[in-house]
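Each chain carries a letter (A, B, C and D) given by its place in the written order, and its residues are counted from 1.
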Amino acid sequence: MSLAQRLSSINSQFLYLALIVVTTIFLFPQIKIPNKPDQAAIDLYVAVSQIPADKPLLIQSDWTNSSRGESSGQFEALMRILMRRGQKFVLYSVGDPQAPQVARNVIAIINKERVDAGQQPYLPLRDYVDVGFLPNAEGVGQAMKANIRRAFGDKTNRGADGQERTIWSTPWLAQSKSVKDFGMLINITASSTIDVLIERLGGEVPLGLLCTGVIGPQMIPFYNGKQLVGLSIGLKGVYDLEWMMEHGVRGAQTREVAGPDEVVSANHPDIKIPKLEGKNLDRGSKYYLSLHAALALMIICVILGNLTLIGARLKGRKA
Amino acid sequence: MQYYDSGWVGVLVTVLIVAVILATIYRSTKMEGNLFIRRIAGLNAIDEAIGRATEMGRPVVMVPGIGGLDAIAVQAINIFAKVTQTAAKFATPIKLCCADAAVYAVAQETIRDVYQREGLIERFDSEAVQFVSDRQFAFAAGVAGIIRREKVAAAFFLGAFFAESLIFAESANAMGAIQVAGSTQTTQTPFFVAACDYVLIGDEFYAASAYLTRHPILVGSLIGQDYAKIFYAALITFGCLLTSYQMAFTMKTHKRENRQWVALEAPERKTKKDTTFGYIFDVESPTEEEMKVERPQRQPNWWEQAPEAEGGN
Amino acid sequence: MDGYTKLKLAAGVLATVGLYSVLYRENKFYRFVEHVFLGLAAGFTVFAVWAETLKVQWWDKMTGSQGEAGSPGTPGFWAYILLLPIGLMGYMVFSKKHNWMSRIPIGVILGFWSGQQIQIFWNKWGPQLNDSMKPIIPTNWSLFRPDMSQMTPEAAAVVQNDIYLSQAINNLIFTFTILAVLSYFFFSFDLKSKFMQTMNKSGRWLLMVGLGAIFGSTVMARFALVIDRMFFIFVEFLQRALFA
Amino acid sequence: MDLMAQISWSHRAGEGGIWTMMLVGFFIGMALMFVISRAPTRARRPIVGAFTFLSGLFYVMLYLWPTPKSKGQFDIPQGPVESVGFFLQDTVPVVKDFASILTAFLLGLGVFSLLRIHLSRIFKGHKDRFFSATLLVSMVLMMIVGYAQWYQREFTAAAKTTDYGNPDNWTGAMQAFDFLFDGLLQQMDAAMFSIIAFFILSAAYRAFRIRSVEATIMLGTALILMLSLMGLVDYLSTTAVASLGGDQNVLQNFTLKSVSDWIKNNLQSPSLRAMEFGVGLGALAMGLRLWLNLERGGVGG
């Protein structure tokens, strides 16, 4: 058996083992890999950064632990951005009964981080409201369009004083009577809940999307069609967000000399968003090197797989 | 409200497409003879797959996706009904795994119906159609287990599949099964293309029932869909040319301000939004002034908050 | 880290290893974990169907709530009970005589789905059609858009609105792709003309480009998840919990 | 219409009246069901069709009927057009849940299917009976623990004063639920999800070969996209292009990132869009056939 043949008939169990080894080893070295964020992610970041501070956001968090590798990094980054900017938001889920809990866990972790850094934690009712799980994605979309107050109903949150109060009792939600009164609706999802949103709330409120790499390609046409103001896809998207938080974004027109890592947005000629202070690089940076390794392994596999095919063809040509 | 500005165009187009589909259905029910449908390789493979399962004496597994009960699941079950029809004749055992109780109910009803109509009800195994789990990955684990334990010889994965598609495809591949797959989720199609023998791409899936049964209503509906596609193509071509012409050779002399056309000082280059189609598609929202309506107020019911209290503390 | 947390992590790791063992081959350990998985999932569904869906969407609305201090409560809308017999008809599927009745709840569910298809059609596809009408005649015949960082805002605005040759060519490719792929999905016409056959064939090839691109970007998602699992096993469990 | 207005659709909670009304409603429903079950064979299809049509009609009307502008909660509609519009808008929050409520009622069928298969395995001494028993035990355990902790969380007197968000206050049932759900079920979800990565690797190795033009095109695009996701490779390609100098503007278009973006925007996006156009039309046509009871073959009968 020639080497080429042997290489192209590897038992799949060896490949599986190789993947485990490769991804694990590269989790440990901490290297900051240079990055150029996607324009779609830049658009999302800029759009979020430009929402007036007094306009609350709607955050539809539909991910669970099964897509933790991508979604939790995205949600963490989003929460950090919003909290640093002091943006108020309404958090709800339609995708899975378990989604609110994983979101709460992330908020608790980031709050701890904030307290450790000497900042105020983000508290229910005061800084955000937690609507929890609303079953039936299509129905919720329909109802939000018709009447957002009835769609969310009389959900209560426990305030800092330990009292349960209805979410509509918060002063910063008083002016929000319809979906149109919100600055943006951001969906963090691993499923097709975003389709439901585009179908039912498209045009009512700007839609932003943080999705997994699986949903991503399918959503690019909707981003190009301006139905989404921006989107961050998968682990690369997480790293993009972390990178922009760490280095800031400027428009192609602002002529100040910037660091080599600063992000330049082609779609926003005269914008200047400074870097955010505090912990910016987290899960995206931790996993990115392993992702490289895994992708490299994949490419090697494809090449090996093709070796015999090419070899056999060459042989056939000679004969 | 939805008819405001150029909003009526959307309603009109929708109604038009619906009308065309209904018209072609009507027309084809009146026509005689077999209507043409282009070859769809994945569907021709059904008999080959079942034939092999029969030879090997191993079961055929069918999965109608993991979505809830909607047209996609119904379409998948329609195709499976056809598969079952052939399998029933050869007494090949089938396994139909569902991820939704409502889909399970439909499948159970339909599959039994197939055996009944073929006069082979004694071959119907009431456990052939089973509900596995409605949690995505529990379902994936369960079906992968079934595929491996039952050593299936043919596998049909048709419907709304998400990430779990590859778990099924590779498990079936490890068993050496012939696989026919198709998903309306475009993101899963490449994985099926890579791992399965035959794949239905895009709306070949929706064309399948017409292809298999040649029922005039279904074929008529397919023709209607084709007309709609031609309409799309024509609209895109025409829109493309008109937009190009307007953006390249005409200038903008007026702009719209507060619902009034105001003359510009100097003509400007048109952007996409200023072209005819840009105007039609980009529906302007009404101003607050236009939205204002005074209506008499009714008394609130006892459980409703009085208007002034709304939103307050 | 307390004992309970360690135990919980250990159980998670064990379950992960159990499910991964199928990669080697189907075995008893996998079969055990698989059945635990299916059982837990079914149990959770039975719990969630009442606690998360029926209680909130049906029972609470039907029975209403008594007001507590300050709030007047909500009335019960008893007519919701009428949904129950409709739902029960689904169970007729096992009856030999009345199994057709199970089609009624199914029909209602499908009816709602179908009605919504017509309702959402334009909102989803209209903007897509609009975006597909791209200008293919350049307004500026130089190949590329110049670097705008040196320009005054007025000059930049003009440049931004111009369509350069490269952009026009890209738009032409875009339009051709969409038409070619669309032609691949014509089912009921026998494409006899040479032109249409070429369109059809290039449509299939361009479709493969699209699918390949999806494959390429989706791979990232899969690897991200396996990386996260390894992070869970080796960092969260072994490094931080067991050998901390 | 007058008769409809006479019926009180709502009743104050917590009084006997609401239960009476529910009971009456239930018996009316069951009586209707009985009447329907006596329907002659040829009336069956129209009955099912009527149910389907009416359900679909709601959303079609919602789309076609002019939506009243800025409807306030206590506004009285002016004229018949607005009356219908108001009615439709007010009914959306009620009707939206019907489908999911009915689906939830049908879950019993699924549970029945599971029980039937696994109980028969246990009693018939199937070789996998031990595993079937495992399944049933974990199912029952999860159910009991789930409902127990839910009850403690929502309905006990202690729930009003205790903050169960804090794990220190958890009861035994809550701890058990956390272990089963968070410790096992969720981890299994994640494990099964991540297993796909392995399959993708073996599938790519086995099937991603340049056998035909189509396969080669797909493989080539996939490789470019994968490389572009590697920030390091992308950075190197950008640096390499920049170091070549010359006419920067032109060469900039041939960095890995530019090429992959170009593919995404000018080839992937339109080809997927065209495919989705077809799928969208397919769904619309199928929806139309189901709504109007025109579906034939298989499910349509």
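Quick note on the criterion: a residue touches a chain if its C-beta (ideal position, glycine included) is under 8 Å from a C-beta of that chain, and two chains touch if they have at least 3 such contacts.
Please read all numbers here as calculations on a predicted model, not as lab measurements.
The innermost chain, defined by the distance from its C-alpha mean to the mean of all protein C-alpha atoms, is C. Ranked by C-beta contact pairs, the top pair of chains is C-D. Between subunit B and subunit C, the centres computed from C-alpha atoms are 13 Å apart. Centre-to-centre, using mean CA coordinates, subunit B is 14 Å away from subunit D. Annotation: 21 Å between the Cα-based centres of subunit A and subunit D. Looking at subunit A, one finds that residues 16, 19, 66-69, 135-136, 138, 203, 214, 217-218, 221, 224, 236, 291, 294-295, 298 touch two or more other chains.
Shared contact sites, meaning residues of subunit C that touch two or more other chains, fall at 19, 22-23, 31, 33-34, 37-38, 40-42, 44-45, 48, 53, 57, 73-75, 90, 93, 103, 105, 109-110, 113-114, 116-118, 121, 123-124, 127-128, 130, 132, 147, 175, 178-179, 182, 185, 207, 211-215, 217-223, 225-226, 228-229. Among the residues of subunit B, those in touch with two or more other chains are 11, 14, 17-18, 69, 71, 74, 102, 105-106, 108, 134-138, 141, 149, 163, 186-187, 190-191, 193-194, 201-203, 207, 222, 225, 229, 232.
Viewed as a contact network, the protein chains are fully connected, with every chain touching every other. Listed in rising order, the residues of subunit D touching subunit B in the complex are 63-64, 66-70, 72-78, 102-103, 106-111, 113-114, 116-117, 120, 128, 185, 188-189, 192-193, 195-196, 199-200, 202-204, 206-208, 218, 222, 272, 275-279, 281-290, 292, 294-301. Those residues of subunit A whose C-beta lies close enough to touch subunit C in the complex are 13, 16, 19-20, 23-24, 27, 67-70, 97, 133, 135-136, 138, 154, 166, 195, 198-200, 202-203, 212-214, 216-218, 221-222, 224-227, 233-236, 252-253, 255, 269-270, 286-287, 290-291, 294-295, 298. Residues 1-3, 11, 14-15, 17-18, 21-22, 25, 68-69, 71-72, 74-75, 77-82, 98, 100-102, 104-106, 108, 110, 113-114, 126-127, 129-131, 134-138, 140-141, 149, 163-164, 166-167, 169-170, 173, 184, 186, 190-191, 193-195, 201-203, 205-207, 209, 212-213, 215, 217-218, 221-222, 224-225, 228-229, 232, 286, 290-293, 295-300, 304, 307, 310 of subunit B are the ones that touch subunit D when the two sit in their complex. By the touch criterion stated above, subunit C contacts subunit A in their complex at residues 23-24, 48, 52-53, 56-57, 71, 116, 120, 123-124, 127-128, 130-131, 147-151, 153, 156, 160, 213-214, 217-231, 234-235.
Touching subunit B in their complex are the following residues of subunit A: 66, 168-169, 171, 173-175, 177, 191-192, 203, 214-215, 217-218.
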